[in-house]
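Chains here go by letter, A, B and C, matching the order in which they are written, and residues are numbered from 1 within each.
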C-alpha cells in the first residue's frame, strides 16, 4: 500500500484544499492519470497519481484544507507495475555546465601569464554593471586578479568573486505570521463572511509582506499625453487587426521593462547572503477577480513587443476571470504592475509581493493644467506612478532613477515606437 | 524522424507543398526533365507534369517577372535561379517590383512567392558559382531572406517560405547540400521565418552564424569545450526579418560575441548584427563584438589556394574565438 | 501590309460598329469613356499649372487606342497590365473619375497606392488591373505570368499588356514575348506607338518601321492598326482576344498614335518637336473622329452629346471637389504594408 500525500504544487505554497476527487475507492488508476483536483493559492491544479494501481482509501474529504505532506489517499500498487514515484518537475537551468574541464594545453596562448596590468583599469560595461549590482568596493576590486588581456578584469572574474563571496540561497524562510490582535472592545457583530481560499491566501501574503519587508514609497508624475494620443489613433486599427483592445497596460508594462533594464536591482530578491538579481524579467499584472485579486505573470516580458504584451496580458486576464489559470501562470514573477487607476484613484500605496522587491501602481490618467515650455499653461493628461520598494535592497536614488526611466520612456512615446 | 541531407530536405519540402496545394509550382532553368542541376527537383516533373514544373528559357528577369505575374493571379510560384551569382539580371524585377508590390498598393496586392538560389563557396566554383548575396537583398524592405544551415531547417523554412504571403529569397548553401546531414521531424514540419535558433547553449561566448558557417561553428564549439570554454552557437536561420531578441539575449548572456559569415566584410550581415548588439546590449558587453568574414575581394577564385585563403574555416574561427575568450 | 483601317473602310463606313457586333449603347459607352479620360486629363493639367498638384502624365491623343482595345476584354474577368499613360484602359476597366483625382492629389483614399505612388501608377486587385511601377516594361513578364496562371488553372481569361514603343527596347519585352510564344499564352500585347519615348523619336529607338514586325520572331502574329481609329482598334483587339481565348496564343497589336501633350508636366516638348507636327495630329483627334462617325451613323444626336458632356463634366467636378477635400495619409502610414502581415493560420 502506498500513501499519497498533499504535494507542494509551487514555491511557497504550504497547504491545499481538496476540490474534487476524480477517482473513487475501488477504481483503477494509471500512473500520471488525474487523481484529484486541488485548490491552492488561487488556482485549481489536477494532481496526477504517482503510481499505477487501485485507489483503496480516500483520507481527506472534498472541501477540506490540509497542509503539504498530509496523507490524502492510499493506493495499492498493481502487481505488474514497479512503483517509482514520479519526481516533481524541476526548474530548468539557463546556463550549461562543462562536460569536461581540461587544463589548457601548452599550444594555447595564456593571457594571464603576462604580468603587465595595463588592462586592469579598463572596465567593460558588463563588468561595471556587475560591480554596481553586487556593491563591490574599490578595496575588494583591488584584490581581484584580472584574467583578461593585459590583466583585464573580465565578467567571469567578477562572477567568480561574487560566487566565492556568497552562497546562493534558494528558499526564503517560511514563517507563519503570528498575529496577536490586541484586545479592544468589539463592535456589535453582524454577518460573518466565510474566508474563501483566495481571501485566506491574500491575507497571509499581505501580512507576511508587511511584516518582513520595510516598505518605502515614492511617486513620480508622468505626462501621458503622447501615449494617450497615440493610443487614440492606433486603437481601432489595432482592434481590427488583433481582435483585442489596445489598453494602456501593455504600454505601461513595456515602460516598466525598460525601467527595470536600467535599474536591475528592482528586478531582484533579498537574501541574507546577498541581493539576487534575476536574469528574466517576469512581470506580474494584477487582475481584479470576483473573490479578490490575482496576479498572473507575463514571463520574459522583456522579449515581447507591445502587441505581444497586449495579447499575453489579455489572455491571462481572460483566463484569470474565468478561473482557468494554471500554477505556472502565477509563479516566477520578478516585479509587479498594478492598475488601480481604472477606478479613479490618483495615488496608491501597493504592498510588495515577496520575494519581489518592488511594485508599481499606475493611477488614473487625469487631465490637468500644467506648466510647459517655460511659462505657458497647457492641459495635459497626467498620471502618477507610485513605486513601493524594499528599502533593504535599494535606496531612494535607485527608486527615483527607475521611475525616471519609466517616465522618460512614456513621455518620449511617439508613433516611431514599434507596436510589433 | 529520419536522417536526411539538405538537398533531400529541400526536395521533400517542395514535393509536400506541391502535393498539398495545387497552386504551388516550380519554374527555372533545367528544373523539369533534368530535375535541376543539383537534382533539387528530381522526380517532380514526372509527378506533377509540365504545367507545374516548368523549364524556363535562359532569362532570369523573365523567371522572376513571370513568377510575380503568376502570384498576382492566384498561384504560389517557386522561382529557381540556378546560381545566386546569376540573380543580377533579375535585380530590377526583385527589388523594384516584387519587394514593392505590397507597399506601393497599400496592401492591395501581395506576392506569395519564393525565389530559391544556391549560394556559397567551397565547391571550386570560382568567381561566378560561389557568391553570397544575402546582405544585398536583406537591405531591401519588402523582401524576406532565409538561409537555413541544417536539413530540418531547410525543409521547415522552405515550407514556411512557400506559405508566406510575401516574397521570400530562400538561400540554400550548395556545399551543405550533401555534406550536412541531420534529423528531420516527420509530418508537416514548418519552421517559422524570423526566429533564430540556439543550436548549442553556452555561457562564455556566443558564435552567431548561418549557412555553412553554422556547421563550422558547431565544430569550433566542440573544440572549445575541450579546452574549458563554453561557446553558445546561435543559428540566425532567417536573415530578414532578423531575430533581434535572440541576438540580444545571447549577447547579454555571454557578453562576448563573434559573428561569422563567408560574405565580404564591408556592410555584410555581421555589421548589422553588431549594430543591433551595440544598440541593445552595450551595457552587458565584456568585450568588443568581433566578426570573422570573407575578405573584400569580388569573389572566391578557382585555384584552391586562393579559395581557401578566402573562405573562413574551422581553424580560422577557432583562433578568433580563443582570442575573444581571452579578452 | 494593308492596315486594318484600310480593310475596314473598304467594307463601307456606315454602321461599322454594328458590323463589329457593338450595339448603339456600347458604341456610345466607348465614346463616353474616351470623353471622360480626356476631360479628367484636361482638368489635371489645369490644376497642375495652377501649382496645386505636382505631376500629370497624359493620355491625350491615345484614347482611341486605349479604349478601343480595352473594349474587347471582359472587365473583372480578364486582366490588364497598363502603363502610365493608360487612363482610357483603366477607366474602361472600372476606375472612376474620383479614383483618378484621388490618385492625382495622392490622397490616403487613392485606390492604387494610398498616396504612395505618382499618378499613372494604376493598380487594383478587385478590378484585375496589375499594379505598375516606374521602371518600364517590367509589366510584360508580369502579364506573361498572369496569363500562365490562367493556363495552369485551365481558365479562359485573357490578359492584355500595354506599353510604349520605347519600352519595346527593354530586355523584359523580348523575354516576355519569347516566353508567351513558347507557351502559347492567352496574352495580347498592345504597343501604343506614339513616335516618341519622351524626346527620343522612333528612328533612334529602333531600326525598323513597325514594332509589330518583331512578333514573327516570337512565333505569333503582329498587327499594325491606326491607333486613332477607335473601331479599328476594337476590331483587331477583338480578334486577338478571341485567338487567345481559344488557345491560339499571343498577338502583338501595334497602334500607331500620337501624344498631344508633352511626356509629362515635367517635360517641355517644344525642345524636340515642332508645333506644326502636333497640330497635324490634332486634326486626327480620335475623339473628334469617332464623334463624327457616330453622328454620321445617327447614333450620336445633339441631345445625347449634351447629356454625355454634362455627365462627364459633372463627374470631373464632383471628383475634383471630393479629392481636394480628402485627407492626406498620416506619418503613421509610412511604415505600413511593407509586408502583408497576414495572421498566421
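Following the convention adopted for this analysis, a contact is a pair of C-beta atoms (placed from the backbone, for glycine too) under 8 Å apart; a residue touches a chain by one contact, two chains touch by 3 or more.
Remember, it's a predicted structure, so these values are computed and weren't measured experimentally.
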| item | value |
| --- | --- |
| Chain-level touch network, classified as line, ring, star, complete or other | complete |
| Distance-to-centre winner among chains (Cα means, whole assembly as reference) | B |
| Centre-to-centre distance between chain C and chain B (centres being mean Cα positions), rounded to whole Å | 41 |
| Intercentroid distance (Cα basis), chain C paired with chain A, Å | 65 |
| Overlap residues in chain B, where contacts from two or more other chains coincide | none |
| Footprint of chain A on chain C - complex, ascending | 330-332, 341 |
| Contact footprint of chain A on chain B as seen in their complex | 201-204, 225-228, 230, 232, 245, 249, 253, 255, 282-287, 322, 326-327 |
| Chain C to chain B touching residues, read off their complex | 79, 81, 111-114, 116-117, 121, 123-126, 130-131, 133-135, 138, 140-153, 171-172, 175-176, 178-179, 182, 333, 336-340, 342, 345 |
| Footprint of chain C on chain A - complex, ascending | 233-234, 241, 415 |
| List of chain A residues in touch with chain B within their complex | 94-96, 98-105, 108-109, 111, 124-129, 148-149, 152, 154-156, 303 |
